[in-house]
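Okay, got some structures for you below.
Across the two complexes that follow, chain A remains constant while its partner is chain B and subsequently chain C.
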Partner chain A sequence: MKSKTIKVDYLARVEGEGSLVVNIKGNKIKDLKFKIFEPPRFFEAFLVGRHFTEVPDITARICGICPIAYQMSSVHAMESIAGIKIEGPIRDLRRLIYCGEWIESHVLHIYFLHAPDFLGYEDAIQIAKDHPNIVKKALEMKKIGNEIVNLLGGREIHPINVRVGGFYSIPPKSEFLLLIERLKWARDAAVETVRWAASLPFPDFDVDYEFVALSHPDEYPFNEGRLISNKGLNIDISDYENNFFEEHVAYANALHSVNRKGEPYFVGPLARFNLNFDKLSPLAKELAHEVGFIPPVTNPFKSIIARAIETVYACDEAIRLIENIDWSTKPYVEFEMKEGVGYGCTEAPRGILYHRYRVGKNGLVESAKIVPPTSQNQKQIEKDLYEFVTKYINLSKDELQWKLEQVIRNYDPCISCATHFLKLEIIRED
Partner chain B sequence: MAKAKKPKLAVWKFASCDGCQLSLLDCEDQLLQVTEIVEIANFPEASREIQPGPYDISLVEGSITTPHDAERIHKIRRQSKILITIGACATSGGIQALRNFKDVREFINLVYANPKFISTLQNSTPISHHVYVDYELRGCPINKYQLLEVLNAFINNRKPNIPNNSVCIECKRKGITCVMVAEGKVCIGPVTHAGCNALCPSYNRGCFGCYGPKEAANTSSLAKQFMEMGLDNYGIVRVFRGFNAFSDAFRKESEAYEK
Partner chain C sequence: MTHRIIGIGNEFRSDDGIGLYVAREIKKQYPHLNVFESDGDGVELISHFQKCDLLILIDAAYTNKFEDVGKIIQLNASDFDKISNIHFVSSHNFGLVEALKMGKTLKILPDDLYLYVILAKNFDYGTGISEQLKESIEKIISLIIKNHFH
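On to the complex of A and B.
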């Protein structure tokens, strides 16, 4: 019987270290493993004993690509323990800094990590040789996202200005106003990106997913909302651990996140888009209609279009916020810390990021739990891989391998984030 | 005349957050120029194409935390003419070196359901504990302009122009009112290596040591000052146990207050 083995020792264009092994015998999959061999770093363990004020600086170090997400989930969790709710301009500024991270992270993924797959290049540098303007435009868009984080956060990677209660200081309004013209340019570039992404060839591959995202009555979600799904879920974030569990997978002794029925679920831009379409800005909605990208979208390869539409939204929202924020605000709210348990769940570029902390009388952390989006998507990624191989088993080995890598990259997995929490057997394929 | 061959650059990852290698992609204005000067031969975060070694310059991110990685770094060293560590993890063991002060088995039990499947070393160690390092670039994360300067220097066979004074000096030069003297904020800028251009004091908070200790850092005098300001022993331990906890100067100072 004819057999083939696809082995990718080191997945490229993902953040972190992962591998993929598929064994096919005849027309059957004998074995399929999407592995993560990134070494564990034990964040949840060494957060114990740290003062609650140090937590946003420490958790930022989980991920160099989405540090704002880690800072936001942790400050909201701490504020829920203190019993304070941040409203008004500080809340707006938190949305603004998140817009910057979404723009930077989405553009990085669309053009540098994902587009080469669709265009048949090994990387964006190769694209630049043939189409320098595409890559230059992408770099400029990414830079504008980074400039928001840079200005409000102090630097683009591991920003220093976020604290429980607000910000350490707020730079002058005049510096933010300078960003508006550039954001308008970025928005136009993002509009072109949506049209371009929608014109890409997508494999025929639709899946009946459970999409899970935050949902807020008045806005497209960043920091707040209830957790909802297209299969009837509607819970407060503090109920997360009663609805999502980690399950044992026999072959790899792995624990993956599953829903209450023991099934995988899908978080990230496509989930947010499907569940919050009506909250997008008028321009983003109009554009979605123009390119025929209307919920429910169930082809994961099309997540690149959802990322592009969210980039348009993030530019729109950043402009709206800068024009309307009351800049006379104090940078942070004074509060007294209490002891207790608190929850934070925010929309990282890759999907919901859940934090839970218990803080003791002295303000020191007694326990921490962090569930990043990639560990939540991991079981769904494996299921997609399995179904894709089943459907396209006759593709040539090279073509199938590249497509399977793309199945993984559809989720923009951040393995650096996920590893510290994924309960995985650590095997390295050499 | 034949065009000179471009030097080959490789980027390697160990235990880390990916942020320092991302700094290269964050050089939005310079990235395409960089690729005109160097051949990016091995950079899995950005490309599927992996060219075989040897490499002229290897940038190494992350710390050594597993038996496998302790071997892998030797293979990388053998393939690299110049090996440069980028960031606090590779240079001092990083935030994950907080395990070095505890029994790592306790940590494993706390985080993982199946401890026996976790393959890890007791300590998270810098690259220089394992192989010869040609240059160490500090920071959590590194400063991307310093990264460009270091690459430029090694390509042109000159010494990198990276100031080795303290954050405190940068702060004075920037004309910022001292957050410790004027506002009583805890700040380890006086003992921290320069590189961020006094970022935290510029945002009205004390430095927390992203760039690790400067040369001949007088940490004990600073710790005494913190004590006078009302910090207890455990507070001082935590100040020095951040992203560079396992660097000699910070490790010794934190241990002195743990007894």
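On to the complex of A and C.
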């Protein structure tokens, strides 16, 4: 049997350091490993001994793209220890800042990281050469998301205005009202993005996934809800660790997550969309119907459409919130911290982000556990890669390599988050 | 003429923080100047391009030659083809280099754009910069003031 080796040294358009090694012999996969070698970052260890009030600011440092998610999961965990539940305008403001993060993260991934795969460009700079207006539009859309985070979070990168109990301060309503017209423009641009994304060529590739997401009776999930799946899961977030388990694999610095049967599962926009379709805004739903994107959608390449629909939703929701929030609210609620264990699970742009903390009598963190979405998707990504190579093993070396990178980017993996960077190596023996 | 000075870096990756330290020191010594800090996110950097006529960027780059540590490289907009030869360290897949290329492609770069690069070696996790780099902070500030604000 002939052997062939394909090596690709660097996989671009993925946040962080990692690699893929595929070894193919004849028409069979000999070995396939999605490796994450970004060094472990030990956040869970150095949170120990820090005061609970510091945790939102420390965990925000885990990711430059989704710091709000880290802040939201941590404050909800701390509030569950304190025995308080944030309602009313502060709760709405938390949804608003999350809208900002979804808009900026989704637009970045759709246009700068994922679109080049579908359009046959090396990167977004090449797209800009042929289609400068598309890229300019994307930059403007992303900027609006950044501005929401900047305004409410105090700054765009690693925001500092979120605290346990609410916000340190709330900017005046007038500053948010200035965003409404631009959000309406961004919503229109996102509507065009959905139609464009739905027109892209998608490989024939459907998988019987277990989709996992938060579900809330009244709203598309950001911060609250039960964890549900299309395979019967319906649990309180405090039950997460009884249903999902982390495994160390020798070739990766990020832990692999598996479900109660030891199998991979899928978190992120496609999971949220499939499990919460009825909670989308009327415009987002109408658009999904218009482009024929109706759940269950089981082709991971179509995640780009789910991201675009969620961008429409996030713009819609941000407008609704700004128009309806009672801006006279006090920025935070007073509370007395208790000792105990608390859980937070919120919907980061890439999927559920689970936090668990134990806080002692003195308010110091005694233990911390953080499970980011990329870590949860990692095993599923590896399985998708395996199944894609199996199905399309006869593709040319270049085409297979291109598609495999795309399989990974379907999940918008943030390896920096999961380790706590991506290089690709395909070894083909045929 | 509107100007912006942006120090780029990650202060938790040792010498990569020098761009930020330079920015903070300029702000302290010349409070009338418009100084910004950036963690190197390319899209965020692009957002500065159309807000000024003069843009000064300060960032660290990797060298494996010990004798080059602390060396300052000055580039202007016409030199930017050389940036591909400079090893900027970034965990962002869309960082400074991509932002500059994108800005050039979209024709949105400011008329006057200068990049000050400080060569460094230690980009490990940790805070504080190498002893060898400390004197580069004042050197680069003097250069920027002399070249653009005198």
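Worth pointing out:
In this section, the second predicted complex is superposed on the first by the 403 of 430 C-alpha atoms of A that agree within 3 Å, B and C clash if a C-alpha of one lies under 4 Å from a C-alpha of the other, contacts with A are read in each partner's own complex, and residues count from 1 in each chain.
In the analysis below, a residue touches a chain if its C-beta (ideal position, glycine included) is under 8 Å from a C-beta of that chain, and two chains touch if they have at least 3 such contacts.
Because the structure is a prediction, the values reported are computed rather than measured.
Because the two structures share chain A, they can be overlaid on it, and in that overlay chain B clashes with chain C.
When the two complexes are overlaid, the chain among chain B and chain C that reaches more residues of chain A is B. Contacts of A:N161 after superposition: chain B is touched, whereas chain C is not reached. Of the two partner chains placed by the overlay, chain B and chain C both lie in contact with A:V135. In the superposition on chain A, A:F46 contacts chain B only, with no contact to chain C. Of the two partner chains placed around the shared chain by superposition, chain B is the only one that A:D57 touches, whereas chain C remains out of contact. Of the two partner chains placed around the shared chain by superposition, chain B is the only one that A:S169 touches, whereas chain C remains out of contact. Touch criterion met: A:P67 reaches chain B, while chain C stays clear of it. With the contact threshold set out at the top, residues 12-17, 38-39, 41, 61, 64, 108, 112-113, 123-125, 128, 132, 135-136, 139, 142-143, 146, 156-158, 416, 421 of chain A are in contact with chain B in one structure and with chain C in the other. Contact residues of chain A toward chain C in the complex are 12-17, 38-39, 41, 61, 64, 108, 112-113, 123-125, 128-129, 132, 135-136, 139, 142-143, 146, 156-158, 416, 421.
Chain B meets chain A in the complex at residues 13-23, 25-26, 28-29, 31-32, 35, 40, 43-50, 65-66, 68-69, 94-96, 98-99, 102, 104, 106-108, 110-114, 117-120, 124, 140-141, 196, 199-200, 202-205, 208, 210, 238, 242-243. Residue ranges on chain C touching chain A, taken from their complex, read 12, 38-39, 41, 43-44, 46-47, 91-94, 98, 101-102, 105-107, 125.
Chain A makes touch with chain B in their complex at residues 10-17, 38-46, 48, 50-51, 54, 57-58, 61-65, 67, 108, 112-113, 116, 122-126, 128, 132, 135-136, 139-140, 142-143, 146, 154-158, 160-161, 163, 168-169, 246, 248, 253, 255, 331, 405, 414, 416, 420-421, 423-426, 428.
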